[in-house]
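Some structures are shown below for you to check.
Each of the next two complexes has chain A plus one more chain, namely chain B in the first and chain C in the second.
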Partner chain A sequence: MTITIKYFGLIADITNASEELFNLEKSDFTTTDLMQQLHEKYTGLQNVSFAIAVNKSITASEINLKNNDTIALLPPFAGG
Partner chain B sequence: MEHSKRYARQMALPEIGSLGQQKILNAKVLVIGAGGLGCPVLQMLAASGVGTLGIVDGDVVDITNLHRQLLYTTDDCGTKKVDAAANAIHKINSDVKVNVYPEFISENNIATIVKGYEILLDCTDTIATRYLINDISVHLGKPMIYASIHKFEGQISVFNYQNGPTYRCLFPEKNSYEVPNCVTTGVLGVLPNTLGMLQATEALKIILEIGEVLSGKLLIYNALNLSFNELEFSLNEEQIHIGTKKGKQLESSNMQNHEVSKELFLDFCSNENYTIIDLREVHEIPKLDYKNIINISFLEIENHLSNFNKDQPIILFCQSGIRSKKAVDLFLENGFTNITHLQKGIQNVQLEVI
Partner chain C sequence: METSKPIKKSFVQGPISAEFIGNSIAKHQTKTSIGAHNIFLGQVRADEIDGKTVAAIDYSAYEEMAEQNFHEIREAAFEKYDLTCLHIYHSLGYVKAGEICLFVFVSAPRRKVVYEALNYLVEEIKEKVAIFGKEILEDETYTWKKNN
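What follows is the complex of A and B.
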């Protein structure tokens, strides 16, 4: 399956991209699995607090991902 | 007559009309932070005719502010932001009553300052302050219009609107993360202005009770590709509970001794939301010349309690703080809930500013 990941704010600075496609061979894949992969890929993520949205809805619980899902990683901004 | 002319173009909208304009004129809005977000918010709300605007900021105008904070001019550098903002607003629309609080919002002053305002605008630049504003807004049941920026991106949402989701529901508090602000990352001048305009829009919609308020949704704007993303989030009971509890603590620590510091006292004297009662005898000096100060001798005060509402904000003072402290107890015994007195009395206040 293919999922799209959107990065915002400080997280886009760390990943150096605002959007990224992930092709996964597994069909059984959750948001927790994804976070594990992302933390391995981008070690800077461990210093950042962020909320996770699946298909535009922010969730605190683990969710099974499906083909064509869009996941957003959203940190709080501080500036004003 | 002059009113209807000044606001004619917005009153021409059937959703506003003269009734809506009256709602705007009656509104009391607190803007916390008079920087990149606060400036456009204040400009727009003042021009729209919001009756009372409170401005909280402890900073002075710096030349590095001027590329984005359009209330200020080169001549304002070095002066207090709240004073420069109040002057600028007076030129935009002298109908607006402006209350200034020349201090940074903190756990020591927030509960006292927000009372008397219906809507709180979070235009600050630190995460810790946003939690403070969230907690007091949840506890006191006031909507909080939030925005913040990072480089070319901005976020906006309305928290605690009609018991809707709050800042903590979106971002539960975690320890030890540092989030960069404009000083460290830089900022494009137009960006906070765009976000501030959206905040002002939400404030007017809440005042006018029109449209759909951005509650339970976070809008993320990216100036570089001109994209808007909207994410939904829902109410989290546990986070509401944390906010309510902390907000209550903020209020009780503010009010525990029912005391107002000398620094805050003079601000309140020029804030018409407060009734200030001078308990001294006629011969005692110095006299204070503010419209909202009334003189009722300590010996007479008991006979005048029925003249006041039990939830209206009242501040008492005397010469040294002894009579006013006794009078606070008297008001409390009679069911008054919003009563404070000037710590150590008027003799402790430097009056050369008057």
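What follows is the complex of A and C.
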């Protein structure tokens, strides 16, 4: 399956990209698995706090990802 | 038959001008059931960070999600308060210190709800909308802003 990961603000500074595609061989893959991979790839993520949105909804619990899902890593909000 | 309204766009490019705000007020003069308006204007503050002054904030957002967040906040406010109309505008891109980056405008037949509704809206926007602010310092270095 293919998933899209979006990065914003401080997180995009760390990943040096605003978006990337992940092609995964396996079909059972959760947000926790994804975070583990991202932390290995981008060690700078360990020092920052962010929320995770799956298909534009913020989620605190572990979710099974599906083909074509969009996951966003959102640093603290600063509107207003 | 009830039709669903299209999602209004809240983002504007760059600062929100006094003319834009003035025109927005003028447009409501035909809505004569309104007896009270209330307006919140967020202005970029020249904070001092580690001895350097903030010159501007460069706003970015997860736009598709943020427009959805604005829509949900707007619907919740209409549900909660007896409002005639409400408008939310937020800047994207570069807004210099002293310029306006947020304009929230609520209107109702009577005055009491406009205070409560406006406060509710501003707090919800700050907490729930996926907007990010890069504070550009006078020496062109930057830091990322966080809402408290």
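Going forward, the second predicted complex is superposed on the first by the 76 of 80 C-alpha atoms of A that agree within 3 Å, B and C clash if a C-alpha of one lies under 4 Å from a C-alpha of the other, contacts with A are read in each partner's own complex, and residues count from 1 in each chain.
We adopt the following convention: a residue touches a chain if its C-beta (ideal position, glycine included) is under 8 Å from a C-beta of that chain, and two chains touch if they have at least 3 such contacts.
Quick caveat, the model's predicted, so the values are computed rather than measured.
S.K.: Go through the superposed model and pick first if A:P76 touches only chain B, second if only chain C, both, or neither.
M.R.: Both chain B and chain C are touched by A:P76.
S.K.: Tell me which partner A:N47 touches in the superposition: chain B (first), chain C (second), both or neither.
M.R.: First partner only, chain B.
S.K.: On the A-aligned overlay, A:G9 touches which partner chain: chain B = first, chain C = second, or both, or neither?
M.R.: After superposing on A, A:G9 lies in contact with both chain B and chain C.
S.K.: Which partner, chain B or chain C, is in contact with more residues of chain A?
M.R.: Touched residues of chain A are more numerous for B.
S.K.: Can A:K56 be said to touch chain B (first), chain C (second), both, or neither?
M.R.: both
S.K.: Just which bits of chain A does chain B share with chain C as contact spots?
M.R.: The overlap between the chain B and chain C interfaces on chain A comprises residues 6, 8-10, 53, 56, 72, 74-80.
S.K.: Which bits of chain A are touching chain B when the two form their complex?
M.R.: 6, 8-10, 12-13, 18, 47-49, 51, 53, 56-58, 60, 72, 74-80
S.K.: So in the complex, the part of chain C that touches chain A is made up of which residues?
M.R.: Answer in residue numbers: 42, 57, 59-62, 64-65, 68, 90, 101-102, 122, 125-134, 144-147.
S.K.: Residues of chain A touching chain C in their complex?
M.R.: 6, 8-10, 53, 56, 72, 74-80
S.K.: Sort out for me which residues of chain B touch chain A in the complex.
M.R.: 33, 35-38, 122-127, 130, 147-151, 153-155, 170-172, 174, 177, 179-182, 185, 187, 192, 218, 220, 222, 225, 229-234, 236
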